[in-house]
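Shared chain: chain A. Partners: chain B in the first complex, chain C in the second.
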Partner chain A sequence: MFAFIMRRLGTLAVILFGSSFLLYNLAALSGDPLADLRTSREPNAAQQIIALTRKLQLDIPPPLRYFYWLRGLFGVFIGKFDLGQTRGGESVASAIGSAVPTTVRLVTTATLTAIILGISIGIVTALRQYSKFDYSMTFVSFLLFSLPIFWVAVLLKQFMAIGFNNWLGEPSIPIKTVVLIGIILGLIISSVVGGDRAKSWKIFGVSAIATMLVLQVLVKINWFLQPGLGPIFYLLGSVGIAFGVTQLSMGISNRVALKSSLTVAGIAFVLYFPMQKVFEMQKQGLLLAAAATLTILIAVGVALYFAKIDRAAVVRTTVLTAVLLGILMIVDQLMGTWERYMGSDAINYRPVPTVGQTNPLLEPGDYWVSTLDLLMHLVLPTIALTAISFAGYIRFSRGTMLEVLNQDYIRTARAKGLTERTVIMRHAFRNTMIPMTTIIVVDFASIIGGAIITERVFGWTGMGTLFNKAVGSFDLNLLMGVFFLTGTLALVANLVADLLYSALDPRIRVGSGK
Partner chain B sequence: MIFSKKKNVEALEETSIINKEIEGLSQGQIVRRRFFRHKGAMISIIFLASIIVFVYSSLKMKIFSFTYPGWWKYTIEDLPPLELGACKDGLVGCPTLSLRPEFLGGNGISLGEHPFGQDDIGRDYFALVMRGAQRSLMVTFVIGFIGGTIGTVVGAISGFYRGIVDSVLMRFTDFIITIPTIIIGSVIGFHFGNLGVGFLAFYLGLFAWTGLSRLVRGEFLTLREREFVDAARVAGATNRRIIFKHILPNAVGIIIVSVTLLMSGAILLETALSYLGFGVVSPDVSLGSLISQYQESFTTRPWLFWYPGLFIISIALSINFIGDGLRDAFDPRQRRRITKKDRERAVRLKREAAQK
Partner chain C sequence: MKKWNRGAKVALAVAATAGLVIGALSPATAATRTTVVIVDSNVFTSLNSSTPDTNLVLNGNVAYLSGAGFNYYDEKPELVRNTTFGTYKIMSKTPTFKVKYTVNKGRLWSDGTPITGVDLLLSNVISSDAYSIAAGLGDPASEDKKPAFDSLGYGGSYSKLIKDVSIAPDRMSVVLTYSKYFPDWEIAGPGPSPVHALVAMAMGEKKLGTSAHNVALKSKFLNAYIAKDKDLLSKIGKVWSNDYNVTSVDAKTNPLLLVCNGAYIVDNIVKDQRVTMKLNSNYNSGLPTSGIEKVVFTTIPDPTAAAQALANKEVDFYEAIATADSVAALKKIGAAVTVEGVTLATYEHAEVRSGKEQGTKVDYTGPFDGMSQKAKDLRTAWLLAYPRQEIIDKIVKPVNAKAVVMNSHQYFPSEPNYSKMVAASGMAKFTAGTQADRTADALALVKKYYPSAAAGSASVKLTMLWGSPSNTRRSAEAALVKAEVAKAGFDVTTTPTSGWSSFLGDPKFDVQFYAWSKTALTQAGNFGSFKSTDSQTGYNNLEMDKIITRLETEVLTPTEIYNLYLAAEKILVEDAVTIPLFQWPGVIAYNSALKGVNPSPLSPSFLWNFWDWHF
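For the complex of A and B:
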């Protein structure tokens, strides 16, 4: 094992050396960094050319210059790490350092959403193979596969941002739209739940009418301008979460698990009122971290108190419940901030922005308002990125799940008389996740590479922007810096994926076979 | 609930129906049948073929000394005057395409002078979109062909010969994978963009084969251990014969499917590169460059944005559906949905057999 990892790391270094050498020369050949200065009419153009040539060592031919760059890279061993300077004179390492957090913020949310949504939809379509839901999701995923992201982005800006902001000016939904939304949601719910014809019609009717009623009520109480859950709906929501998590994780019939998650929900409800005061205090970041730790401790404590056997599974259930309840509480708090945020001068009742990372006009100081501002700026890019990437997850998880469901051990599990929930969640789902994990690892590594086009469309300045700038202005050092980070991460992620695969699936052993 | 039990008896019955259907058919016949039965794929193949014919026959073209007239009156070089025509609100160059028949209160189905409108300087937008679609289709097919060929060759060699050849080729593949496609694309676009779209597509194809070669290698590694390969070797077949006659026909499914995926990715790659300014160079146009050029005018003159997008989506979507149909057709474990018609047919066949 150790020998295998060492060998792979060795190959990795060789590959990186080769591809960086190739890229360095390719990029150096791709254009003349002094082109704009040569044609410039400024009186000191000649001096500038000399200065830039000296700074970027342009008088050395590229294949040799590459080794100067490499020397700076190897400086990491003697504490003199140097990736060179950008054309503007900034150090490449610090330019990348300041771009990484932005990109991570932008892409992590989208990747997480895409993974969770994609896998769950993929698995449901596999369970409901050849249903209407399956067919329509297949169509939707192919459609999303075929969309250029900037095309989606322009549409989103128009309809999700400008259209939605206009609509918020006078939030009323015409009765036709209400009926339409009700019917669509009803169709989705009834096809996901399945069952025979009578049952699916019943489900369709109930969910469609419920949706229409809820929409009407929300409009009547002006919920879209003053949203919030309030203690009663928080309680209802948390009981729902407790039941849902227990059903998926251990089954409702497991009384101990149900009792523990309901207790967690109860504790969360009791804590709801004091937390409102806590949210108003200073130093929210620290407080939230403390609250998160406390939440998990309470969940573990409750689980250990109730469960005498199967403790790990019950702990898993309660912790998951508690985390979801915490998120629900924060969502409620953000909803409470909505009105304050909308009313501020910088926002002026147009909350969905089309470009930028934060609103610079917003007065700092209010933790919740600035958090909400950050989140609102994430909305459009996240939808765009999720839309184009989650189609892949749907297709892949559907395919894997179908393959797993055809295996003999699934038939054995059914023959033993296990409940269908256990068969799906314990036998099928876990085995589906093995190949998924390796894909997820690789995808997370490519996060840092950023979303070159998305960043450009939505006016973010992350790694993608750096890369664009580097290519556009022949900034060799900057390009190599970006490439070195993304390339290394991609290779390491591939290695980690291989190792993970063998750890998760005992049938596969790395390094033994050819 | 979401966890519903499948009836095992029914599943058994379904298997027997499927077995009955493929009795006495060759592998090729089974695949062809399955493919023809895939409605989405069949519709898409007809759709894509008509788009290709429509797009390539529309404009005037010069092929060496021969000039093909084309059925559309404008080319992208023509500069007709900007027309007010069908416009409202003081806009110029609106689309004159009308699809609503007269009895529904429209103006009848007609193309009009400029069906997709005109751009800023009056060029006919229909001609521009046609030209863009020609370019984009060409990029798609060139990348698919070159990437597919290199990927298959590399994957087949390294999967068949294994050992040191395999290691070298796979490390080389890793090496190409490390360099992000978009970096390659922009470097290539920057350097060779002025040589025309064909060159751009050619160079992109040289780097687009990595995923395919890994898949083909995996397939070859499994297939070369199978009994029929041993049998052929014992019978004295050469390596060349084993590869071309025995293994390649069995791997062709996975190759075709990944080439279609490669192609639908290629059209989006070209679009993205043109958007970043590294793709097709003006005055030539592609669908991607049209969209990126006119994305700002979406609010005022949306047709400049809609039509190229519509073509990109139609082409990519139909390629994806064809790929899906092919995958279903080539997958031996694929279980088709048993329809009412199949059941009736099975019952009828059984009855006929009983009567005999």
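For the complex of A and C:
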């Protein structure tokens, strides 16, 4: 094992050296940083050429200049790590240091959403193989997969930002649209639930009409301008979450888990009222961290009180429920902030932004307004990134799930008389996740690499933008800095994925290839 | 707001909806806005835009709003004196050329310190190679070490001619002595720098000083300047070259960095996102502003994203990419956004080779070679057949509907002398009749030497240089030219050339078209490239050389200058070696509520009259 890791790390160093040398030279040969000055009509152009040559060491041939860069990199061993300066005079390390968090913020949510949504839809399509839902999801995922993100982004901005903001000026939904949305949602729900023709029609009818009614009511009570759940809907939502989580993780029939989850929901409802006051206090960041810790502690306490056997599973279920309830409460609080946010001078009733990370005119100070502003700026990029990337997860998890479902041990589990829920969630789902891990780890490493096009169309300056800028302006130090970080991460992620694979799947052992 | 009252709201739905709709609509129109959000495609990198690393448009725009000096360019474009700040006048022209710059009494830096003549001295430190060397700050022309002040200003006319800079006893004026008169002295003059803040930062101070302390610091700088105190000046150089490179500004930023004398002062900068500037309460160095209290520069690199942000009312001003598509997209937004075509100070022109570039080896042997009547006639025929109006109509007008054919090298159509010049220079030859008439005339000229010439006969074979394959606008231009000149018997090869700019002197190409960019108005005008020693197309005319030399060196009255320009243009028409085409079109799009926008072709383009802007 140790030898395996050392060997892999050695290969990693060789690959990094070779590829960085190659990239440096290719990039150096790709263009002439002095081009602008050569055609300049400024009287002191000659002197500017001298200055730039001096700064970029253009008098040294690129293969040699590479080693000057490498020397700075090796400085890490003597505490003088130096990736050089960008052409703008900023240190490369600090440029990357400030770009990484931006990128992470932009891409993490989308990647997580894509993973969760992709895997769950993939599994449902596997369970409903060759159903209407399966075919339509396959169609949708391939459609989204093949769309270019800059185009998706333009459409999203046009309809979900500019169009939606205009619509908010007079928020009414024409009856035709209401019917259409109802029918679409009805079709989706009925195809997911499945069943024979009569049942399917019944579900379609009920969910379509319910959707239309809810939409009408939301418009009538002006919900889009003053959204909110209120205690009643919070309670209903909590109970729903408690049932849902229990069903998925242990099954409703497990009374202990259900009782534990429902108790947590009850506590959350009681705490709902004092929390409204807490949300108005200063130092929200600290308070929320404390509240989160407290939530988990309460959940663990409740679970331990109820559970006498199979404790770990009950604790897991209860904690998951509690976390979701906390999130729901925060969502409710953000909805309560909506009106204040919309009415501010900076937003002026146009809440969905098309570009940037925060609103430049918003006065700082109000924690919830600022949070809402951050989230609103994430909405469109996240939808765009999720839409184009979750198709892969759907297809992959569907394929893996189908393969697992055909294994002998699934048949054995069914033969033992286990419930369908247990077969799917405990025996099939877990084994499906093993190959998924590999993809997920590598995907997370590539998050840092940034999303060049997405960052550009949404005006975020992250790693992708740095890379783009470095290539465009022959900024070798910056290019190499970005490359070094993303290259190393990609290689390390591959190593980690291999190790994880062997840890998760006892049939596989690393380093025993010989 | 109590959430459990929501039930009651259902009953009041209609009233609430009506109320909210009114509520939602009124704020958009009622309150007068005081903030303008301007899009820039780059990120901010420095409060000092005068170093080679930081000379970017956005840095320059921030510097323009936070500074005020002796003069600025207006929209005509003409150099306008800013007499609110100070005055300058010529003391003597011979034997040495002396100019006196005086700062008006009572002008203030943003920290309340009075501006004096001492503040003008730093200009010499960052522009004079001789001073930098004499004070031991390094030779700016050195190939291996940069000077203490890493300035873009070294090596120009100022540096070559300046002999002495002295300060008057009252410390409000400086006198600049140049070794001889040079025509562009006005744009080479000094500007104010907050030297007290520089000295304070060089000594490690981190907060604004008292006024007495600041006055003492100014004297300290004056002494160091006069004594060429290498120690202190190097420290100041370090601050000037490095410390101003800040990418974010917040409450923790050293306030000394922000000291300025412009209308707006940097309030905060969010790294890679935006620069927010607020009114400078001590501003009295220039014209008063008209109601904009905050200016925000926000970074949006993508043109489509910027247009959509404008449509979504997130930004107020956007200088767009000048393509027909982007203009169409902006116009679709509707009345809320004003889209204006503007002309830039860069103009496209066509050139015809008439010989080999001096100092190069390969001879030019094409049909246009030399000053013989035949060569002149063929060149004239080429220029006559050049479809200038068609190029404007098909390529430029979709971006700027007001675009016209340019008929003078020296003056833009917007300038007062333009019509007078065009009427007198003989350009009428190239504008008379329709293009069909002119092409027919061209064919007649070609026929004189190639009797078999006819439309499409390909009697004269030429090669044209125009740009790289990726330049779609030029590729379209080249295609239009190729089609039209074919009717006059020319056959021109228009293959694109990567790295075209290094082939401008290559005799392989008989004809070329490209653009020249003006960044300042100089007395020598736009004729420098037709000097025999500098001409890349091998143009050689002694008369022209004499005119250029006079323009570059002599003290001339406006009438004399105009007459020299006219003589030069006449020669160019006569020799048929070049023809102007059009000014590059630009596009600005802005919130229609914003008033007072009046863009100038020279930098800082749309921003030059920010003091007139209001909602």
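FYI, the second predicted complex is superposed on the first by the 513 of 514 C-alpha atoms of A that agree within 3 Å, B and C clash if a C-alpha of one lies under 4 Å from a C-alpha of the other, contacts with A are read in each partner's own complex, and residues count from 1 in each chain.
Assume a residue touches a chain if its C-beta (ideal position, glycine included) is under 8 Å from a C-beta of that chain, and two chains touch if they have at least 3 such contacts.
Just so we're clear, the structure is a prediction, and the values are computed from it rather than from any experiment.
In the superposed model, A:Thr354 lies in contact with chain C only, and not with chain B.
Touch criterion met: A:Arg456 reaches chain B and chain C at once.
Once the two complexes are overlaid on the shared chain, A:Lys220 sits against chain C while remaining clear of chain B.
Shared-chain residue A:Thr412: touches no atom of chain B or chain C.
When the shared chain is aligned, no partner comes close enough to touch A:Ser253: not chain B, not chain C.
When the two structures are aligned on the shared chain, A:Ala46 is found in touch with chain C, with no touch to chain B.
Contacts of A:Gly18 after superposition: chain B is touched, whereas chain C is not reached.
In the superposition on chain A, contact of A:Thr293 is made with neither chain B nor chain C.
Contact with neither chain B nor chain C is seen for A:Ser120 once the two complexes are overlaid on the shared chain. The interface of chain A with chain B overlaps its interface with chain C at residues 150, 154, 158, 456. Across the complex, chain A meets chain C through its residues 35, 38-39, 41-44, 46-48, 50-55, 59, 87-90, 98-99, 102, 150, 153-154, 157-158, 161-162, 165, 168-170, 217, 220-222, 225-226, 228-232, 336, 343, 345, 348-350, 352-361, 456-459, 461, 465. On the chain C side of its complex with chain A, the touching residues are 1, 3-4, 6, 9-10, 13, 16-17, 20-21, 23-25, 27-28, 31, 35, 37, 43, 45-46, 51-54, 56, 140-146, 150, 152-157, 159, 242, 245, 247, 270-274, 276, 294, 296, 298-302, 304-306, 308-309, 311-314, 499, 501-502, 516-517, 519, 528. Across the complex, chain A is touched by residues 1-5, 162-163, 171, 174-180, 182-184, 186-187, 190-191, 264, 268, 271-272, 275-278, 288, 291-292, 295, 298-299, 305, 309, 312-313, 315-317, 320-321, 324, 333, 335, 337 of chain B. Residues of chain A touching chain B in their complex: 11, 14-16, 18-19, 22-23, 26-27, 29-31, 124, 127, 129-130, 138, 142-143, 145-151, 154, 158, 192-195, 403, 406, 414, 419-421, 423-424, 449, 452-453, 456, 467-468, 471-472, 479, 483, 486-487, 490-491, 494, 514.
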